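Same chain, two partners: subunit A is paired with subunit B first, then with subunit C.
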Partner chain A sequence: MLEAVEITKRFKQTHAVNGVNLFLERGEIIGLLGPNGAGKSTTISIISTLIPPTSGDVRLNNESVIKRPEKLRKILGVVPQEIALYPDLSARENLLFFGKIYRLSGSQLKQKVEEVLEMIGLTDRQHDLVKNFSGGMKRRLNIGAALLHEPELIIMDEPTVGIDPQSRNYILETVKRLNKEKKMTVLYTSHYMEEVEFLCNRIYIMDKGNILAAGTKEEIKNILSAENTIQITVERVNDSFIQALRDHPVVNRVTVQDRVITVLTPKEANAFSILFKIAEETNTMLTSIEIKTPTLEDVFLHLTGRALRN
Partner chain B sequence: MIGQFIKKQFLIMIRNKQELLLLLVMPFTLISILGFALTSVMDSKKMDIQAKVAIVEHGNEQEDFEKFANDVKNVQMPDEEKEFLLKQVEKMMPISILKQEILGSKGLEPYIQMAEFQPSELEEIRENDKYTVIVEVPEHFSYTLLNHLIFGEKTKPKLSIYVNEGKEITAQFVQELITEFQEQYSLISKLDQAGLNESLELPVAKVKGEMETVTKREPINSFTYYTVGISVMFVLYLASYISSHALQEKQSNAFHRLLLANVPKNLYMAAIFITSLIIAFFQLSLLYALAAVFYSVKWPDLVSFIIVTLALCVAVGGIGTFLTSLSYRINSDNVSIFFSSGVVSILAFLGGSYFPVSQMSEFMHKLGDMTPNGAGMTAYLKILQGYDLSQFIWTVIYLCLFGFVMFVLSLLVFPKRGEMA
Partner chain C sequence: MIGVLTAKLRLFIRKPWLFLMVSILSVVFAMLISSVNKQTIVVPVYSALPESEVKEIIRSLEQYNLFSFKRMKKEEVEKLVGEGKAEAGVELKKDDFRIIVASNTPNSYLVQQTVQKVYAKALQSKSIIDQVKEKQGESSAKQVAKSLAEAKNDPVFTVETKHFRADETVIINSKMQSIFGSVLFFVIYTIAYNVFNILMEKRNGIWDRMILSPVKKWEMYTGNLIYSFATGYIQVALIFAVFHFVFDVDFSDKFWFVLVLLIPYVLAIVAISIFIVGIVNNEQQFHAVLPLVSVSMAMLGGAYWPLEIVSSDALLLLSKFVPVTYGMDLLKGAVVYGYSFSDLLYPMSILFLMAVVFMGLGINIMERKRA
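Let's look at the complex of A and B:
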């Protein structure tokens, strides 16, 4: 349906996006995952025709939308990362305004507004000014404003940042529902693994302007199939133990967080006996040791050497 | 769709008490303070229409008449018509009328004192500072004028008028009288020429009537002056208010929603223009309504008042759009802040919102009239003094042009997609 081909974006020195390829099939939920500054918002702005790319193309059903964005815009809803609303208008007034901008009118507009208010759970508060809303309510309205014209495709840029878990679940459920009931295609940006794992059929992992990995959850996790992730909890972190782990040839990577040490080793290595041996040699007391199934977090760690959030 | 933008801006405005305060309460307070405080200053400066007019004739009008009469004798027309024409013309010799019925008329006695001089004295009276205006009648003025008006001769004679610098305001008044007289004179004689057999009415009554309205022009009191001065100043703040809201619209990405809804940028700019225009109209109307109720600032000609107000609002709309474009381009509110905290004060000073700067010199007067607020103020004051719209129509046209030029400029300055920071 929609694809981005080798798009790049340069802001003076910054290479915000570096040859990104990405596609969306009708009815899918796609996740775009990456840490701060990865280039997610820039990618999305290009795909949604708000900024032109430095090079590359964006195509809707094989037609470029860079020069003629109108067709895409008609079927597109965008939920921007920032709250793009008028704080001095009420929730209802905001929706009415944006609905009219989308050339809705009369009873059709009224009905859509009621429907959206219902969907985002703000019917009771529709007459309150947005500036008096909580963060979560603003987020919900920010999403609602993109739904009035019943887009076939919705692009959401971190729609859940900075809100309580309850509102967050509500939003995630809403996205799922839109996808199921209205057959809406979704491009969902986030730096929360759980959200993407929960929502998405396919995932793109992005960092420093590049797509590092793409595929279904399983495909991405298979990147780690050659390795075991072993989590060791120790009584007291002992520098010589860590150093010995790092120095050992079969250990690929060591990260330490409080008393939990995460170690990546090749599948075939006999990791347990090696770890026990090192512990004994360095006088380290282990309280637990387990092999973990890899998470997307681990994949990210593997790909970038950094945690997704710090 | 533009209606939506206007509605939105109104809603936002009535919910921002602080901004309403700046746009409405503050100017009204200033009008009150300045009006009271400067009552004596302004009112002692009542339009000082005490003009001393010197008139210097080269040649003699009686001789001109005889010469004209001689010419008429040789013209092909029935004798009784010739006779009738000469009788009428004798009654309306231009310089005599100017001297007796206009500059020396009873009705204008309180305002104008006329004295006649010989050409030999011209140098002397020009050196002398006593006379506000010197009218010099060239040789054969009346003869040439009659020939021009009645027989359609090309040459149109002109009175030379010297204005005493430093007494421009009074002088302007006299000049206007003379111009008015000349216009009326030619107009009426031309009209009557078409049917010479009918009576040839003297223009005196009409000219006198015109003059009476001129002389009756109200002196501007301090409340009236500051109602206009402060209103035209504060309507400028509206422009920066609009542009700063438009920038918020961009920075909150609400503008992105508009783009995504395929709202063309020209439509967006037109919406900003019309919104500014309408809100400015409301602001001015409210201020003037308050001034009318509290300080009896009454408008003699409501139609002209509305036309001038609209023209001023067009100019404000242009400024608002232009500031919006600049703000979008540099992606900062500094443009609006610079305008409202610096430029407005300068414009207000030049335009005469604080005191009548235009009386300082002709240069300041011209400069002031180039500012939109100054032009608006000039037009408003003219209405209040009883002038006719036709006498300051250029000011109105200037304001509209100013607004449209600004609007077009803002379309050019507005960043294209991708240039937007």
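Let's look at the complex of A and C:
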């Protein structure tokens, strides 16, 4: 349906996006996962035709939309990361405004506004000013404003940033419902891997303007199939223990977060005995040790050497 | 575009405070400045005459609108003059007066002339009545006194005074200067803050939503600019209407003409605001740049003081590059100098030119920044 072909974007000396390839099939929910500053927002700004790429192309049904974006814009809804609403207007007035700019009018506009208010659960608060809303309610209305013209494809840029878990669940359920009931294709960017794992059929992992990995959840996790992720909790972090781990030939990667040390080792290695031996040699007291099922977070760690939310 | 305008109107109704505040400030400042400018010099007087006679003399003295005369005790008058707090004092007598001065100043001469004029007129009437009384008796004298009083109220001849001036002669009308200056200065804020909303809408993503909608970019800009122009224009027109219809300020029968002349000025300010919004990157920069630009423009353009009193060639040259200069030229030209529409075509064309150039530059910069 939509594909980005080798898109790059340079801002002066900065390479924000570096030859990104990405495609969306009709009815899919695609996740674009990466830490802050990975280039996700720039990528979706290019895909949604808001900014032109330095090179590369965006195609809708094999037709370039860079120079003629009208066809894509007609079927596209975008939920920006910012709360793109008028705080001094009510929820209803905001929706009426965004409906009007999509050339909706009269009873059709009113009906769509009612529908969307119902869908985002704000019917009871429709006459309240947006500035008096909670973060979660603002986020829901931010999504609602992109749904008025019934887009076939919706691009959501971190739609759950800074909200409580309840509102987050509501939003995630709404996205699932839109995909299931309205057959909406969704491109969802986030730096929360659990959201992407919950929602998406396929995932692109992005960092520093590059796509590092792409595929279904299982395919991506299989990147780590040859490795074990072992999480060790120590009583006190001992530098010589960390150094010894890093120097050991069977340890592929070591990351430390507070008292938790994550170690990647080859599956075939007898990791436990090696770890115990190093701990004994460096006088390190272990509190717990466990082999974890790989998560997308681990994959990201494996690919970049950094945690997703660092 | 209608959608954009409707939303702006709704937002205005919900938050009219900036508009109201700036409007009130403009009126207050214009009144304050003009009242300071028109303050008259108080001349202390004392007299041994009865209160009613002194009042009558003071009324005659104040007819010339040059000084305000205030009756005090002799000691107070002498103290004020002695301490230099009053330039001159006057002792009012039945057929004579005495000027009290500490040193001779232009104003003390003027006080003397004014008092002399009033006493000369009074003595002239008295002398006529006395002569009639002496030759024709009391009743004829009363008749003559009555006729003289009637003639004062209903003169036989109407004397029309006309001043002539050369082309280069300047007229300083401090009241109109302060009204026009204050209004043209303050409206910059109303307009600029409305245009500034474009920057805010860009920052919070509303602009992006509109770009992705079927609304055309020219409609987005036009909607915003029409709104900014309309609020600025309505504000200025409203303030002038308050001065004209409520405070009875004389616009020399050119009130409606003045409203037409405001169009190019407001348009130029909208354009400069777009330019400022184009060059700044964030809210903080805008808040720093706007006062800098507006105050400089007001100072250079003669909103704070008349350019007629500026003698520096450098400042006069700089004033040619700010729209306030031409705005003041238009308004003063029409009201104070009585120029016709064709006489004012030059400042109008400059303002239109500024509007086109700054709007073009501003929109261009904004669009380049986007890409």
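The definition used in the following text is that the second predicted complex is superposed on the first by the 310 of 310 C-alpha atoms of A that agree within 3 Å, B and C clash if a C-alpha of one lies under 4 Å from a C-alpha of the other, contacts with A are read in each partner's own complex, and residues count from 1 in each chain.
As a convention for this text, contacts are C-beta pairs under 8 Å (C-beta built on N, C-alpha and C of every residue); 3 or more make two chains touch, one makes a residue touch a chain.
Source: prediction; values computed, not measured.
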item	value
Three-chain arrangement built on subunit A, subunit B and subunit C clash or fit	clash
Which of subunit B and subunit C A:Glu93 touches, first, second, both or neither	both
Partner chain(s) touched by A:Lys183 [first = subunit B, second = subunit C, both, neither]	neither
Contacts of A:Lys292 with subunit B and subunit C, given as first, second, both or neither	neither
Contacts of A:Lys277 with subunit B and subunit C, given as first, second, both or neither	neither
Subunit B versus subunit C as contact partner of A:Ile51, first or second or both or neither	both
Partner chain in contact with A:Arg68 - subunit B first, subunit C second, else both or neither	neither
Overlapping contact positions on subunit A, where the subunit C interface meets the subunit B interface	48-52, 73-74, 76, 78, 80, 82-86, 88-89, 93, 97-98, 100-103, 129, 145-146, 149
Residues of subunit B that touch subunit A when the two form their complex	1, 4, 7-8, 11-12, 15-16, 249, 252-254, 256-263, 417-418, 420
Subunit A-facing residues of subunit C, complex	2-4, 6-7, 10-11, 14-15, 203-206, 208-215, 370-371
Residue ranges of subunit A in contact with subunit B within the complex	48-52, 70, 73-74, 76, 78, 80, 82-86, 88-89, 93, 97-98, 100-103, 129, 145-146, 149
For the subunit A and subunit C complex, residues of the former touching the latter	48-52, 73-74, 76, 78, 80-86, 88-89, 93, 97-98, 100-103, 129, 145-146, 149
